[in-house]
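Contents: one structure, followed by commentary.
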Amino acid sequence: MTRSATVRFTVNGEETSIIVDPLASLQTVLREELLLTGTKAGCRQGGCGSCSVLVNGELELSCLLPIAEVEGCSVETIEGLSAGEKLHPIQTAFVENFALQCGFCTPGMVMATKALLGENATPTKDEVIEALSGNICRCTGYEPIVKAVMDAADRLKGSDEVSLVGGES
Amino acid sequence: MAKVKGRGMAAVNYPTGMNLGGDPTIALIHASTSGVFNISISSVELGQGLKTVLAQIGAEALGVPLETVVLHNDDTDTGPYCTGTFASRTTHRAGNAIIAAADEAREVMFEEAAELLEATPADLMTDGAGNILVRGAAGRSITVAEVCSAAHFVHGRAIAGRGIFFKPKSPVDPDTGAMDPDSTEAHACTIAEIEVDTETGNVRVLRLSSAYEVGRALNPRLVHGQIVGGAWMGVSHTLYETTAPYYPLVEHAPTSFSEYLMPGPAECPVIEAEVLGIASSNGPYGQKGVGEMTANSPIPAIVNALYDAIGVRFYELPVTPEMVLRALEEKASAAELPVPEVVH
Amino acid sequence: MSDATVRVPQGNGPVGASVEQADARSHVTGHTIYVDDVQLPRLAHMVLARSPFPHALIRRIDLSEAEKVPGFIRALTAADVPKNIYTILGLIGFGLDEERALADERVRYIGEPIVAVIAETRAGAAEAAKLVRIDYEELPAVFDVEEALAPGAPAVTEWGINAFDFDGRPFRQVRFGDVDAAMASADHIVEGRYQMSPIEHAPVETTGCVARPEPDGRFTVWTNTQALNMSLDLTAHILQIPTRRLRFIGGTVGGGFGGKVDGMVEPLATLGAWKTGRPVKYVYSREEEMVVSSTRNGVRIYMTDGVTNDGVIVARRVRSYIDCGAYSRHTPYAVQKHAANLAGPYFIPNASFDIYCVYTNRQPSSAMRGFGVTEASFAMEVQMDRIAELTGLDPWTVRFRNAYHDGDLRPHRKPVEDATLIEAMQAAARLVGYELSPELLAMSSKPREV
Amino acid sequence: MSVARYVAPDTLEGIVAEMQEQEGSYAFMAGGTIVQPLLASGSWLPRTVIGLWRAPLGAIERVNGDVALGANARLRDVALEGLPGGLSDAARQVGGPAVRNRATLGGNIATGRGDLIVPLLALGARVTLASTKGTTDLSIDDVVDGATGEVSALAQGELLTRVMVPAKAERGVFMAVGRKAYNTPCVATVGVVANFEPDNRNVVKDVRVAVHGPQPWPQRAGPVERALAARELNAAAITDAVAALESVGDGFSDSVASADYRLKISGVVLRQALEKIAGSSRQ
């Protein structure tokens, strides 16, 4: 059974080297090997977006990505955006705009927002809507989420990428 | 490609709560030595904001700051009974149970404070900021934390309370159907504005304007969240989703999110809502249930707007584009007239 | 309106303020632990082998191929279930012992569970489940609610009648006033056949749980049920163990909408943990959530109103068929809520309602947001517009004139309390700038002067 | 597990060697959007999965008047390339942004049902296949059998490596009707590429029309092309073209639309596409 390989990649800036089934999805490796369960599993069909992560800065559905293809890549997950009580401006915008209810789609929505704002700092409402079109939410009706993304864009304007210092200074 | 607009309205009520086999909900509260109040219940948070609202109710009834209230609802070993989260019942039931438990805990807290302040419990009040004051006597006050500490270590009082809200079982009379199934009624009226593409049959909901009467809104933003989320679900239920596209047949059942049609962010109408704060007669602080009703008025309002737009009554949901197109063709061939170019 | 006994906020407390959601920061950072996030050492995974047919007899189950899949641990069948009766309302004397936790001789809907396969990994369990070979003898099936009640229809239920029994009748009935006389006196009769097909709750988090056996004989079960106590009692009943051996942990769910009230996963996962001595995770796939988990009831409503020239409804007769699918589950209670809300926010002095809970060979339906009332509101609010058109009145006037007032008796003989439909409609008209007539502006929901 | 081996050779030759060695018992995985869900659901898969992502098959190059698209080209990159015949428009409306970052042109074609096949048929694209017997070049028309929907050309033993499309096409358009603005299953899609007589800009010199609606698979719509040949692209010609759709197929039912509706919408989309092309020909 040669379904085992060593795969090296970084997760939220930390070097990771892991012996794993090369066909295992990045989602399964993040959740079941690295216990980073902020990346969710809503469908495992590539249809809900709750497993969204960034790989080399690009938005990816971790349920569709075999871990073998992550060799040498830089992976960003929801856990990488905050440190203790210090939230990323996108996360603060979601909280203050009540842009979540059950919270299950929220990590995916935040990562889709980060990917969008990384490529387009001043998106129009339609560009926000297209950027979120791979993420399903069943509770909020999307309106507060679109508002939160526009609010996050304003918060990020001016301040360059947020530097996160872990814990209390 | 003709776009025809239409407007329609609907008005609904919705019951708060249920009785099923009798509907008890119990809450337990106890204070820590330093004045933190733990509320234990077993009602489940689905995202509607239950943990938030019930903590607000507990803090309000105890007269203590929200930050000193911690709510647990996650463990049947420690949480008392709750029937479950459905029927827009949970805030009403658990909220009333928490008020009863808070009253009991507050009574013990006031006994301890009265002893420390050498006053009678009836003279005392809370300022909501963590202090207990003697009414009319400026300066004579004590912090809740001090009272809780003294209650533990000086006088040996347990600042704790238990509360239940019980809706008795109401058997249904077999012949008349007489029953008492719920506790109060919320109401809503919705006006829908839509646009029909008469070439493809696609329907867009442009705007949903609603007035809701759901008792006192304990947390207005959370109430608004239910109204917007429910309106979106109403649009989806009316025009998009079904597990049986060829009901009553079972063929072509969708098996994934790409096959199960729901509107995306681009299909969301403008949603405006006004909430009337008319207190109910038996909800915690005059609250009524809102969670379950918020798709109910948008659905018929959209169907009525369709009649206004293209003069066709639809009796089956979902109303799909092919049903709209077929209805337009039948209407046109029946009347041999072109579809009315009516734009509001 | 409200009376003096209702508690009023003291003015220095948080009630009435839009305080931040208690778990927003935990959700938005990915810290919230949902059921599928529970990872335990030696965790095994359960996937079900299910019926591909809407109605069939089970002739033979062959596990030989499934057992060869690497990581296969064990398979559970009906024989392993201590009390193979799944009954949710039956626990409170309200439902029937009709459904199995695992089908034994007969399957009645596409997706009905037959064999629970437990393996080391999720993918392995899924592959093994697909390799369980089951021989069936297909039977005729029925999917339409009225065909199911017609003589000669295939029997979905064990006792042969495709309708739930309500005190000796195949329907729940409400009788109020004299409908025949009132209909005869009416100026107009409005009849409608309204239908809603079933919809899926589709929460982004699928139904699931993790059951772990404890050394003291108890079981800890992490679950996203909407009703912790009901699911615990149901699990104890099916496993025939005292409830003290069960500890359910949950309370934070990734969306429910009524789709997580059936307690379908906890009994089998706990049984799996018991038989294997391993923690067992049983979480629905998205396809199972769509095709197998309960849906909102499909429903067909025949509604007839007798109406006067000035738009007042003097009588309403309704016959509703609520499609519970292969098993009744919560639907008998949907019938009760439907019965109590077929007059809606209107005063209807003469009413006759017959509401059937009909069995078909469809995926069982159960509770969903608006349970029993959403369909009533849809039917009657389209009916109100038709009444307006027939009587030449505008839709607002027809609704105002029929709106109930505090103290009015509703068909199920409960006085109206906290009525505010009129006030809500007045506010909605203001919101959209619609001019109400003086007659309507003068109205209120206060009790009628007699 | 049915799958016993995973390999990802970093050269085309390595892939072909692996194909040789496994004699047909293998499945390709390019982006993973197709194979990963199958793995997750426990579906049966061949013994070996050959990952294509390491091999240099992703480049997009302009080659004297044509564009060579590697099979591994991501839909995101195809969407940004401004390709004619609506090929970039088609790529842009597949799935959500994350899917387009991962799904490949080759995978879209190999299913025989991908949305990009319609514009490729309209453009008359040519595809290059590699196999143990060497490489072969053939028209996109021969990849998906118009009569059966079979992906006959990609039978076991062949790997799609490249797609050639003209850099420019006089007038081309791709149109789709779905139920949502974004990330929606399509009811019907149409691709049209037409060249007009040099001396009379309204008269059709040659036209390729592809549709996915009348049949459960994308196909060339011969009867529609014949209805337009050598005619002035006016209302009458368009009406005849739409009528000709009837003989291409009678639609198919799924969870999104029923057969007769899908055929009706195929006609609506075809008319809109032809009107757009007729409109642009008058400028």
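Which chain is which? They are A, B, C and D, in the order written, and residues in each are numbered from 1.
Everything that follows uses one rule, which is that contacts are C-beta pairs under 8 Å (C-beta built on N, C-alpha and C of every residue); 3 or more make two chains touch, one makes a residue touch a chain.
Please read all numbers here as calculations on a predicted model, not as lab measurements.
**Student:** Walk from chain A over to chain C along touching chains and report the minimum step count.
**Tutor:** The least step count works out to 1.
**Student:** As a test of whether you follow the contact definition, which chain pair has the most C-beta contact pairs?
**Tutor:** B-C
**Student:** Using mean Cα positions as chain centres, tell me which chain lies farthest from chain B.
**Tutor:** Most remote chain from chain B, centroid-wise, comes out as D.
**Student:** What's the distance between the Cα centroids of chain A and chain D, rounded to whole Å?
**Tutor:** Distance between chain centres: 31 Å.
**Student:** Return the distance between the CA-based centres of chain B and chain C, expressed in whole Å.
**Tutor:** 17
**Student:** Where the CA atoms of chain C average out and where those of chain D average out, how many Å apart are those spots?
**Tutor:** 43
**Student:** Using mean C-alpha positions as chain centres, tell me how far chain B is from chain D in Å, no decimals.
**Tutor:** 48
**Student:** For chain A, jot down the residues that touch at least 2 other chains.
**Tutor:** Expected reply: 1, 43-45, 47-48, 98, 100-104, 129-130, 133, 136, 138-139.
**Student:** Tell me, which residues of chain B touch at least two other chains?
**Tutor:** 46-47, 49, 221-222, 230, 233, 245, 253-254, 256-258, 260, 262, 264, 266
**Student:** Of all the residues in chain C, which ones touch at least 2 other chains?
**Tutor:** Residues 18, 20-21, 23, 70, 202, 253-255, 257, 285-287 of chain C touch two or more partner chains.
**Student:** Could you tell me which shape the graph of touching chains takes: line, ring, star, complete or other?
**Tutor:** Shape = complete; every chain linked to every other.
**Student:** Note which residues of chain C are touching chain A in the complex, please.
**Tutor:** So the residues of chain C touching chain A come out as 18, 20-21, 23-34, 36-37, 39, 70, 201-206, 253-255, 257, 285-287.
**Student:** Considering only the defined contacts, which chain C positions touch chain D in the complex?
**Tutor:** Listed in rising order, the residues of chain C that touch chain D are 47, 69-70, 122-130, 285, 287.
**Student:** For the complex, give me every residue of chain B touching chain D.
**Tutor:** 1, 199-202, 240, 245-246, 251-254, 258-261, 263-264, 266-267, 321-322, 325-326
**Student:** Would you tell me which residues of chain A are touching chain C in their complex?
**Tutor:** Spelled out, the residues of chain A in touch with chain C are 1, 31-32, 35-45, 47-48, 50, 77-79, 81-82, 85, 87, 91, 94-96, 98, 100-107, 110, 136-139.
**Student:** In their shared complex, at which residues does chain D touch chain A?
**Tutor:** So the residues of chain D in touch with chain A come to 1, 3-6, 8, 29, 31-33, 36-37, 39-41, 49, 51, 53, 95-99, 101-102, 181-183.
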